[in-house]
Amino acid sequence: MHTTKRCALALAVSALAMGAGSAMAETDSLTIVSWGGAYSDSQNRAYDEPFEEKTGIEIIHEDKAAQGLAGIRSQVEAGNVSWDLVDMLQSEAQRACDEGLVMEIPHDEWLATAPDGTPASQDFIDGTLGDCFVPQILYATMFAYNDEAFPGDKPQTIADVWDTETFPGTRALQNIPQKNLEWALIADGVPTDQVYDVLATKEGQDRAFAKLDELRDNIIWWSEGAQPPQMLADEEAVIATAYNGRIFNAQVNEDQPFTIMWDGQMFEVDGWVVPVDNDADIEAIKEYLNFATDSQRLADQAKYIAYAPARSSSVPLVSTHADTGVDMKPHMPTSPENFQNAVQFDPAFWADYGDSLEERFSAWLAQ
Amino acid sequence: MTDATMDRPAAKASDDGELTTADGTPLAVSLRRSHAQARRRAFYLVLPLLAFLVITFLVPIATMMTRSVQNYEVADYLPTTTAAIADWDGTGLPDEAVYAAMAEDMVVGSENRTIGRVAARINREIPGVRSQMMGTARDIDEMSPPWKEALIAEDEGWANEEFWRLVKRETRTLTPIYYLLSFDFEYNSHGEIVERPEEYQVYRLMFLRTAWMSLLITTLCIVLGYPVAYMLANLPLRYSNLLMILVLLPFWTSLLVRTSAWIVLLQQQGVVNDMLVWAGVIADDGRFRMIYNQIGTIVAMTHILLPFMILPLYSVMKTIPKSYMRAARSMGASPLRSFVSVYMPLTVPGLAAGVLLVFILAIGYYITPALVGGDTGIFISNLIARAMQGSTAELKLALALSTILLVAVLIFYWLFNKLVGVDRLKFG
Amino acid sequence: MLTIEIPGGNQSAYGMSESDHVGASVAFDGVQKSYDGKTLVVRDLNLEIEPGEFVTMLGPSGSGKTTVLMMLAGFEPVTHGEIRLDGNPINALPPEKRGIGMVFQNYALFPHMTVEENLAFPLKVRRMSRGDIAKRVKRALKMVEMPEFGSRRPGQLSGGQQQRVAVARALVFEPNLVLMDEPLGALDKQLREQMQYEIKHIHDNLGVTVVYVTHDQTEALTMSDRVAVFKDGIIQQLSTPSDLYEHPQNSFVAQFIGENNKLSGKVSEVTNGQCRVDIDGGGSVTAAAINVEGKGARTTLSLRPERVELNPADDCPNVLDGKIDEMIYLGDHIRIRLTVADNDEFIVKVPNKTGSLDLKAGAATRVGWRTDDCRALDPVDQA
């Protein structure tokens, strides 16, 4: 283990020494940037290790996805791109693609077809493929609550979150405008399919902030994904927005009395982009993408983490949690009962309005 | 002291009164020559460090400052439009020539995949333009002249006068816009500088908040650190060693651990609140909110920065002999008076160094406010960090904010130097 | 105003004696001091100091002299016993209420204040008017011959100048008692000697009581009215300087003050305050019986080098044989080291007279002295 790591390092160094210009016929390693933690573990077990075994190409991991866009931008500007594949949120991938920082990907040419022969472009869930983006998983951000805080009625809807009379207690929300503004509008009665149309208008934005204002005194803000389950466990908050995988982990691995409120869940996909001018062999990247996003591999990933595969053909292949044996299907954001009132997060909207809404949100938050 | 100079052997004076050495070289020249060699040698010794500083410090800062005013997107990625729009007077919609130029730039831009960069830039000012330009660029191959009609038919955003005025304005390659934004000003659609709408004003508030909270933290560090440093400097060695370890302990634990410890202590279901409830000071439903707000930031940062106050104070106090205070008291001064008029002035170099360290560290602090600051307890650096993750335009705003922060620190340093004299400081 | 002559020819005016202020009297009554509760640093101090007296506490380091001074100043609490100032107990009085001037070992001039501000400090504390303060500061600076240094900072002064300022500061508020804790220790020899005279003269002029601590016996002998020699927390002897030198009461004092020849022996006879002593290295002499227990007891004889005669006249009562080991020429006198009665550190000082230089190392000689000049004291263990 140790020696292979050192070899990899030596290889990386010599690769650097040879310079980015020398196109290598045989790539024997790929540098992959992801989120680290449980998420990278799931990728590792579901497809990185099988891929290494199958091809002999070594995967070098860097856990820097949180600075993914900024990192690619600076590498491309510096003309020295060492990242070969980067795991990114769809909205960021959109920005990177717009700015020409990542390669356009011909989906049907590069990606595997479904077992029944459906081409890739039709197998991925609608609206999740991007020009430069191949989704892997679909995850949800939604409200969850601590059962013990509500011995009687449980909150059922987004509107209940705003009902501090019936459901008193602190709410923990993420300190970003994304999703919070959407939920504010939903709580104010905007139908889920019109949320983004309303939010694109000045009146709609005023309305969303006014609705958030109502809840302001009952909110504490989180910034890292690990915080909301902790806040629920400590009873610092009775209801919190969180990533569904984190809550699943608390429920199953830590036995916490948390319940996910699937109403108004906002789902978003996470997937791969390929930085332009990277120093790896394009064939190796193609091979990796083809392998890592095929139906079986994506279904396998759900054994290790409660995020849903982004391919329709993977859904029936999802089995049980590798460590606890829990059936993963009911924990998937995409399972029919959970998906009823789901809202798809709109990366294009946020690419258009993000700058301005983020500033307004910061200003609102600072008051 | 005064007579000593007269005793030195005098150099020979030449006829015109200039001093020379034995061989007739002017003394000043000879002196300079002998010093120059020593200086050159010293310079070679510091050269590696100098190079390191230039590469890792000065160059990035200079880059940061240049990029915060650079505005090449429109000029570089819409070159034809830039040329064509120069003749437009800014009223009504531009004529067909400008639209045609735009179409031409879009063809090239979508080929080179650079159109997104200019789209993002203009989108910073008019939300929605990104979609308009990207959508049009995608379809540009299937469109045909006359371009004005074709573009407007594709997206009515092309019929927005404000958009065109903005394009014309942003053809300049240098812009103060990010600095204007940093002070909550912006251009209106006629190119005049105006204050931003109230719901967008945040940066002035955050700069001021960062300054006063840093000041408060510095003050708390003085109030808490001074007695500790005094004890450290005056206790017998075996006790002071133990105390010193307690002071240094925070340095040996990770910042995140320390910050998390404060969360455990201060949160509503935390140790402090539990104890207050248990002691009957507050009711169970009246628990204080001491974290995820300004209190949390102030408490945690005071704790984290305290050693930076204590150590310079301690190093100065240790050099103050006991006899000063004794002398003052033997002359009739009360213990308090001796302390205030004799001891405290002697600690000024350490105090000033502590203040400088703590304040400058505090003003740029990031991680602790991010974790415990909640909404009102965050600093300007947290907004900078957030902006750095955003679009290129946001990145430039972050650079402008950072530059302002840097200048503010330099101004503080300059003022401080005027007041105290940095050459008098003792850091330990 | 009084003017006096200072050695070296400087005319100086001392201006502090206008008010008729008299020195304070000090009394230590059974004073004991312990820091750790196990050992006594000061063992049973009984000492009366007259008003206007200059008393020096002399002793090696660790002898308890500085502790005594600090108790008197009020910086160390007294473990047992009583200290009185002008008859009033001051044990419970904090230092600032005692009105005692003090000069510290390293002067303790406040580095952030000018010389003038340093001098004004005790006056300001006493809420004097600005005019009075200026007048007194000026006078005090004149007293130490530094009128033009008022606006300097201590860091800009030489050691000797700092010393003068420190003395001026301890006196500027006209205390009746001034304590000095090895004030000249940091100065070079020449400056130290000059300052000794100056301090002594200031004392003579002002009539203030001075308690002075030093480990330098020359300093003690030069300046003091009386000297208390300390060892192990006990005063070994309290006498005038001449008495201390001429009539040491025990071997420690004899050895500590001035140069001293030691000869060990056994008392064979005691009569009329004199005793006969058989020297260990052979021979027997008569000595003044100062500190001997009686016949048969061991004793150490003390003999000043300048009181020994080489090749004495025949009527000399005490004569021993010796051999010259070494001669050291010192200009005005010659120092001769001999072996006498197996003691090879026997020193004789001979004035540089005609014929003195004829003596040669290696020559045999005889040494002799008057009976009164040889004092039989308590025995010292020969290492």
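As written, the chains take the letters A, B and C, and residue 1 is the first residue of each chain.
The definition used in the following text is that a contact is a pair of C-beta atoms (placed from the backbone, for glycine too) under 8 Å apart; a residue touches a chain by one contact, two chains touch by 3 or more.
Treat the numbers as computed from the prediction; the structure is a model and nothing was measured.
The most distant chain from chain B is C, comparing centres defined as mean Cα coordinates. Geometrically, the chain at the heart of the complex, using CA-atom means, is B.
With each centre defined as the average position of its C-alpha atoms, the distance from chain A to chain B rounds to 32 Å. Per-chain CA centroids place chain A at a distance of 88 Å from chain C. Spacing of chain B relative to chain C, judged by their CA centroids, is 65 angstrom. Against chain B, the residues of chain C that register as touching in their complex are 73-75, 94-102, 104-106, 108, 110-112, 121-122, 125-126, 156, 158, 169-170, 173, 179. Those residues of chain B that touch chain C in the complex are listed here as 1, 321, 323-324, 326-335, 337-338, 341-342, 345-346, 348. Partner chain A is touched in their complex by these residues of chain B: 112-114, 116-117, 119-120, 123-124, 127-131, 134, 199-202, 205-206, 209, 267-270, 292, 370-371, 374-376, 378, 383, 386, 388-395. By the touch criterion given at the top, residues 67, 69-70, 73, 95, 97-100, 104, 170, 175, 200, 209, 219-221, 223-224, 234-236, 348, 351-356, 358-360, 362-367 of chain A touch chain B in their complex.
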